[in-house]
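Just so it is clear, A, B, C, D, E and F label the chains in written order, and each chain counts residues from 1 on its own.
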Amino acid sequence: MKPMTLDAMRETFFCALLSDVLDSLGYRDQALPPSIRPLDEELVMAGRARTGLFMDVYAPPSAGENPYALEIKLIDSLEPGDLPVFACGKTGRIGPWGGLLSTASMVRGAAGAVMDGLVRDIREIRAMKFPVFHAGIGPLDSKGRGILAQIDVPIECGGVRVAPGDLVFGDADGCVVVPQAIEAEVIAAARERLKGERGTMEALRAGRKLGDVFTEFGVL
Amino acid sequence: MKPMTLDAMRETFFCALLSDVLDSLGYRDQALPPSIRPLDEELVMAGRARTGLFMDVYAPPSAGENPYALEIKLIDSLEPGDLPVFACGKTGRIGPWGGLLSTASMVRGAAGAVMDGLVRDIREIRAMKFPVFHAGIGPLDSKGRGILAQIDVPIECGGVRVAPGDLVFGDADGCVVVPQAIEAEVIAAARERLKGERGTMEALRAGRKLGDVFTEFGVL
Amino acid sequence: MKPMTLDAMRETFFCALLSDVLDSLGYRDQALPPSIRPLDEELVMAGRARTGLFMDVYAPPSAGENPYALEIKLIDSLEPGDLPVFACGKTGRIGPWGGLLSTASMVRGAAGAVMDGLVRDIREIRAMKFPVFHAGIGPLDSKGRGILAQIDVPIECGGVRVAPGDLVFGDADGCVVVPQAIEAEVIAAARERLKGERGTMEALRAGRKLGDVFTEFGVL
Amino acid sequence: MKPMTLDAMRETFFCALLSDVLDSLGYRDQALPPSIRPLDEELVMAGRARTGLFMDVYAPPSAGENPYALEIKLIDSLEPGDLPVFACGKTGRIGPWGGLLSTASMVRGAAGAVMDGLVRDIREIRAMKFPVFHAGIGPLDSKGRGILAQIDVPIECGGVRVAPGDLVFGDADGCVVVPQAIEAEVIAAARERLKGERGTMEALRAGRKLGDVFTEFGVL
Amino acid sequence: MKPMTLDAMRETFFCALLSDVLDSLGYRDQALPPSIRPLDEELVMAGRARTGLFMDVYAPPSAGENPYALEIKLIDSLEPGDLPVFACGKTGRIGPWGGLLSTASMVRGAAGAVMDGLVRDIREIRAMKFPVFHAGIGPLDSKGRGILAQIDVPIECGGVRVAPGDLVFGDADGCVVVPQAIEAEVIAAARERLKGERGTMEALRAGRKLGDVFTEFGVL
Amino acid sequence: MKPMTLDAMRETFFCALLSDVLDSLGYRDQALPPSIRPLDEELVMAGRARTGLFMDVYAPPSAGENPYALEIKLIDSLEPGDLPVFACGKTGRIGPWGGLLSTASMVRGAAGAVMDGLVRDIREIRAMKFPVFHAGIGPLDSKGRGILAQIDVPIECGGVRVAPGDLVFGDADGCVVVPQAIEAEVIAAARERLKGERGTMEALRAGRKLGDVFTEFGVL
C-alpha cells in the first residue's frame, strides 16, 4: 500500500480519531494540552516536525551577535510538509512566531507551526490561512527575551515529546504527535476505526439508545 | 401564575440578570468561574441538572468491564429539558464529552451540557447548535483516564454546588446555578429587575449622566 | 510637526510595532500579559489612561453607602479619547465592567476600557463595537465583591505600570502602555520602523530567503 | 456551665478535633487552606478575631499621609485574647506583619495573628513565642504596596469567612474559624468527641484491627 | 547474591543516588515532585507500594454507608515493609492520613506512607517517627470530601506512576519509585555508583579543582 | 570611610532592613519572592553574584559532550565572597545544586548559592553550614534536563534582575539583591536606619502605644 500523503490525512482524519488510536496502541501521552490552541479553528494541519529549543535570556544580544541565526537557518531549510515545533519553556516570556515567519514558512510549503510559546500578528496570520498552534497571544518580540538555542533535536512541547520527523496533526480539537516509528500502524488503525465512528453516529442520529449502539459498534 | 417554561426563560433572561438576582437574595456563589466557557457564545441554555461525578483512573478498564456504563445509563435516561452537569476534578485529564454524547443527548431533548472538564469534536457540536459549557478543549478520550463513578448526586462543578434538579442557565457571559428551592423566587425577582435594567440602558444611551441614572433606577 | 491624533494612530500603528519600538528604547515591560484579551479582535483601540484601583470587599455595602460612587465620578468625567484602566488584583472576584458602563463611556467618547478583572454583557458590548480588554468573562456584579477605592492614581494593570494620561494602544495581538514622557519619541520611531516591516514582508512574500531579507532590512 | 477560657481551649483542644466537630455540624468551610502555615509549629493559638482588610496600592503614600493609620488604631486597641486576622488578597505583594507589630500586640495580650499575606522578622517572632499564621515569608514592607483599608468588618482570609469576634484556633495542623453563633455548641461537642478519639488511639496502639476499632468507637 | 533487605537499603542508599541510577537506566520520571515533602526530614523510608486511589465526593456518606471501608481493608491487610501510596488528585480537598492511620500502620510494620494529598496530626506522627510524605498539612477529615475508591491498582501519585509492589524510597531530598521489574538492576547499579560519589566528595573536600575531579570520577 | 566587609554586613544587617532601605531609594523590585527559601534559616549570607543562566534540554548529552563544562568553569573560578546565582526558568525540571557543588564552592570561600531551581543533598549541605537559597527540594540531577548555557551575564532569578558583582544578602526572611551602583548608598542608609529600628522596638517592649512610638521614630 502506498504511504498516505499529508494532504490525504488532512482530508480524512481528525485529531480525536488519531488520539483514540494512539491510546489504543498504548501511546497515551501524545496530545498537546488544552492550553495550546489553534489560531484558526477552521484549519486542519498535518506535517513533519522540525524541532527548535528556545532558552530564556535577560539581556539584549551583544554587538555583532545575530540572535535570529538559528531561526533563519531553520526557516530557510524548510521543505514542503515540514512543520516547525518550538519548545519555549514556562516563563511565558518567549513569543517566537509572527507574520514574517509565517510568510517565510508558507512560501516554502511548510505545513504550519506549533509552539508552547506566544504568537503575534494574529490577524495577518489568519488571513494567510497558515495553521499555527500556540500557548498565547502577545505583542512581544523574542529579542532580548529568548533565543533559539538548538534545532532538530528531541524536545518537549507542552509536555509532549517531539522528535524531528514525527507526524504532527492538528485541528480545532487540538494537536497530537505521532512518533515516526509507529506512524504506519497508526494510519492503518485510524482508517479502520473511522468506520465504527460513522456507524455509531448514524445510529445515534436515528434516535437509538446509546447502550444499544455501544453494544453494536464498541465506540464511544 | 403558571410556572415559566425553560423556553420562556431562554428568551427572556440572561445570565448576568439571574446572577444579580441570586446575589440580591444572598446566594452569592452560584456562578461558574470564568474558566468554564460556552463552546458557542451565540447560544442560550436553560435546563435541569442531571449530575455526574467523575473519578480519575490510571489504568485501562479490565477485560469485560464497561467504563461507560453509568454514562450510558445517564444519557439514555435523559428527559427533555434535562442537562448533564459533570464534576471532573482538577487534574485536567478528564474529557467526558464529545460529538457522540451531544448527538445522543440532543435527540432526547437535552438542554445542553456543562462540565469542568474537557470536550472534543467541537466543530461538530457547534454545527449541531447544542450548548456545551466546558473547561477546555482537547482530543483525549476519557477511557483509562476517568470513569463516571456516581450519577444524580450533589456535586461541585467549577467550585459551585449543583444538586439534581437545579436550574442551570448559561449564555455568552457564563453559567449560573439556581437551587431548586428558590427557583420561583428567583424567577419572579428577575422579571421585576428587567424593567430597571431597560430604563437604565435607555437613559444612558440618551446621554444622561451615570450618576443621575443610577439615582433614578438604582441599577448598575 | 503636529502631534499625531488618536485616530491616526489607530489607522497607522499596530500593537506589535509599538511593542518593538518600546523594546528598542529600553522600555521592555510595557505589554499587558496574554491573559488580558480583547473582547473583539477586529477592533483597534488608542486612548489616554484614566486609572482606577479596585479593592476586594467581602460584605455588601452598608445602608446609605453607594459602592459605585467613584465609578460614577470617573465615568461621568470622561473626555473624548479617555480610556478607563482598572487594576482589579488577582482574586478573580472583581468584574467591574459591563454593558451599562460601556454605553455610558461610549456616549462620552471614551476610546475603550482595559482591566485585569472580569467583564459581562459581552454580546451587547461587541454589538456596540466598543473596545474592551479584560482578564475573563463572567456574570458576577462587583457589588459586595469589590469597590473602586482610588481613581487617577498610578496603578499596575496585569503587572504593567499605568499612570494617568499614558497612551494605551490595543489590537488583536494585545495591549501596550506608552508612558507619557516618551510618547513623542515612540511615535516618531514607530513611523520610521513601519518602512522596514513593509519591505521585509514584501521580500518574504516574493520568496526570498529569510537570511537575505534580514540582512537587508534588519527586521524580524 | 461556665464558658471555657481561651487558655483552657489551648490546653484541651487541637485543630483537627475542632475541624471534625465543625464538619459534623455542617460547617465544612472553616479551615484555612494548607498554604497558610504557622511560623512555629510548637505553639497552639486560640483567640477572638479582630479583622482587617488590605488593599493593593502601587504608589508610595502622599506627603502627610500616614499609610499605617488603621494598623496603629487596630493594634493599639487590642484587648487580651484578641487576634488580628488580615485579608491580603492574592497578589502576593502584601506583607503586613513583622517583629514590631508582634511586639506591640504581645504586650497588649493578643493571642496571635493570622493573615493570608507575608510576614518578616521571623526569627525574632519565633524567639518571642508569639503565634503567627501566614501565607509566606519575605522581607518586603507593605508601604507603597498595600494599605489597611477597613478594620472590624467581615473578611475572607485564605478563602474562609471571618467575622469580628469569631473564635480562631490554630496549631501545627493549621487553623480553623469557629463562628461566634455556634461557639458554645462546638465547644460542647469537642469535649464529647475527645473521648472517642482517645479510646480509638489506645485500641490501635494495642494492635487491634482498624475495622474492629472503628466499629467500636466510630471515629477515624 | 541475596536480595537486599529494606533495612539495608535504608542504611546504604539515599534518594538522589537512586534517582541518578534510574536516570542512567533511562527511567527519568520516577521522582515525586518537590511539592511532596517528608513530615520529618531526619527519617529514611524504604517500602513496597500498596496503592490506593481516592475520588472527590461532595456529599456526606448516606446512612449505613461506611466511607472508610476500603481504607480499613487496606490498613488491616498491611504486611511488614508495606507502604500505602495514595493518589488524591489535584483538588487539594482530600486529606487521607493522620495519627490514627499512622498508628494502625506502624503496629503492622508498615514502612511509611506517601500521598499527593493532605495530612494531619503531624506532631503526633512525628513523635512516632513514622515516615510520611505528603502534599500539604491541614486539619480536614476526608469524610464527605473523598473516598478511597480502589486499592491495589496502578495509580499516579504526584504525576509518577506507581504499581502495587514497586519499591518506594524517600529521604529529606524527596521520594523515588523503583518499578519492580528493574529493582534488582537498580540496586546493583546503586551499589556500584556509591564508590564514585565517595571518591568525588573526598577529592573536593581536599580542595582539588572540580574539573580535575570530574575528569577522574565522572560523577557530578 | 573604609568599605564595609561582607563579614561585617553579615553581622550587622538583616534582610528586611536592606529591603526597606532599597524601597526608600526607589528600588522596589529587589527582593526574591517567598517561593525562594533558605535551606537553613539560622544562616546569614552576604556575597557578590556570579551569575549563571540555565536552559532546559530534553535529551541526554551527546557522546563526548560535557554537560557540566560551564558549571565547572564557574565553580573553579570562584573567589572568596563570590556567590553563584542561577536562573533556572519555570519548568521546575532543573536542579542545579547539591552536596558536591556546595563542597567545591565552600573550599574556595564562596559565600553561598542562590537559585530559582531545585537543590538536593540537603542534609549534607545543612551539615556544612553553607547557605543555599532555592525554589524547591528534589533528587533529580540536571543531566539531560538542563545545561548551564551562559555565565557572568545579567539574569533574572525569581523575577529579580541580578548582574555579575551585585551584592546579594539573605537570611531567614529571604534574599535581596543590591545593585553594585548603589551599594555604598544602601550601606550608609542601612547603618542610619538601624538606630530608629532599635528605638522603636525598645519603646514597644516597654508597652508604649504604637501610635506614639511611630510618631517619635517614624519606623514601622
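Rule of thumb we're sticking to: contacts are C-beta pairs under 8 Å (C-beta built on N, C-alpha and C of every residue); 3 or more make two chains touch, one makes a residue touch a chain.
Everything numeric here is computed off the predicted structure, so don't read it as measured data.
*Asks:* Between chain A and chain D, which partner chains are common?
*Replies:* Expected: C, F.
*Asks:* When chain A meets its copy chain F, do both sides use mostly the same residue numbers (more than half shared) or mostly different ones?
*Replies:* Because over half of the interface numbers appear in both copies, chain F and chain A meet with the same residues.
*Asks:* Counting a repeat as over half of the contact pairs in common, which of A-F, A-B or B-E repeats E-F?
*Replies:* A-B
*Asks:* Compute the distance, rounded to whole Å, between the mean C-alpha positions of chain D and chain F.
*Replies:* Each chain's C-alpha centroid was found; their separation is 31 Å.
*Asks:* Could you tell me the distance, in whole angstrom, between the mean C-alpha positions of chain A and chain E?
*Replies:* So the centroids are 36 Å from each other.
*Asks:* With centres defined as the mean C-alpha position, give me the chain C-chain D separation in Å.
*Replies:* It comes to 40 Å between the two C-alpha centres.
*Asks:* Residues of chain C that contact two or more other chains, please.
*Replies:* 92, in rising order.
*Asks:* Pairs of chains that touch, anyone?
*Replies:* In this structure, the chains touch in these pairs: A-B, A-C, A-F, B-C, B-E, C-D, D-E, D-F, E-F.
*Asks:* Please name which positions on chain F make contact with chain A in the complex.
*Replies:* It is residues 53, 55-59, 87, 89-92, 149-150, 153-156, 161 of chain F that touch chain A.
*Asks:* Spell out the residues on chain B that touch chain C in their complex, using ranges where they run on.
*Replies:* For this pair, the touching residues of chain B are 15-16, 18-20, 23, 28, 31, 33-35, 37, 41, 171-176, 200-201, 204-205, 207, 209-211, 213-214, 219-220.
*Asks:* Inside the complex, what are the residues of chain A that reach chain C?
*Replies:* 66, 68, 71-73, 75-76, 92, 98-101, 103-104, 107, 118, 120-123, 136-141, 143-144
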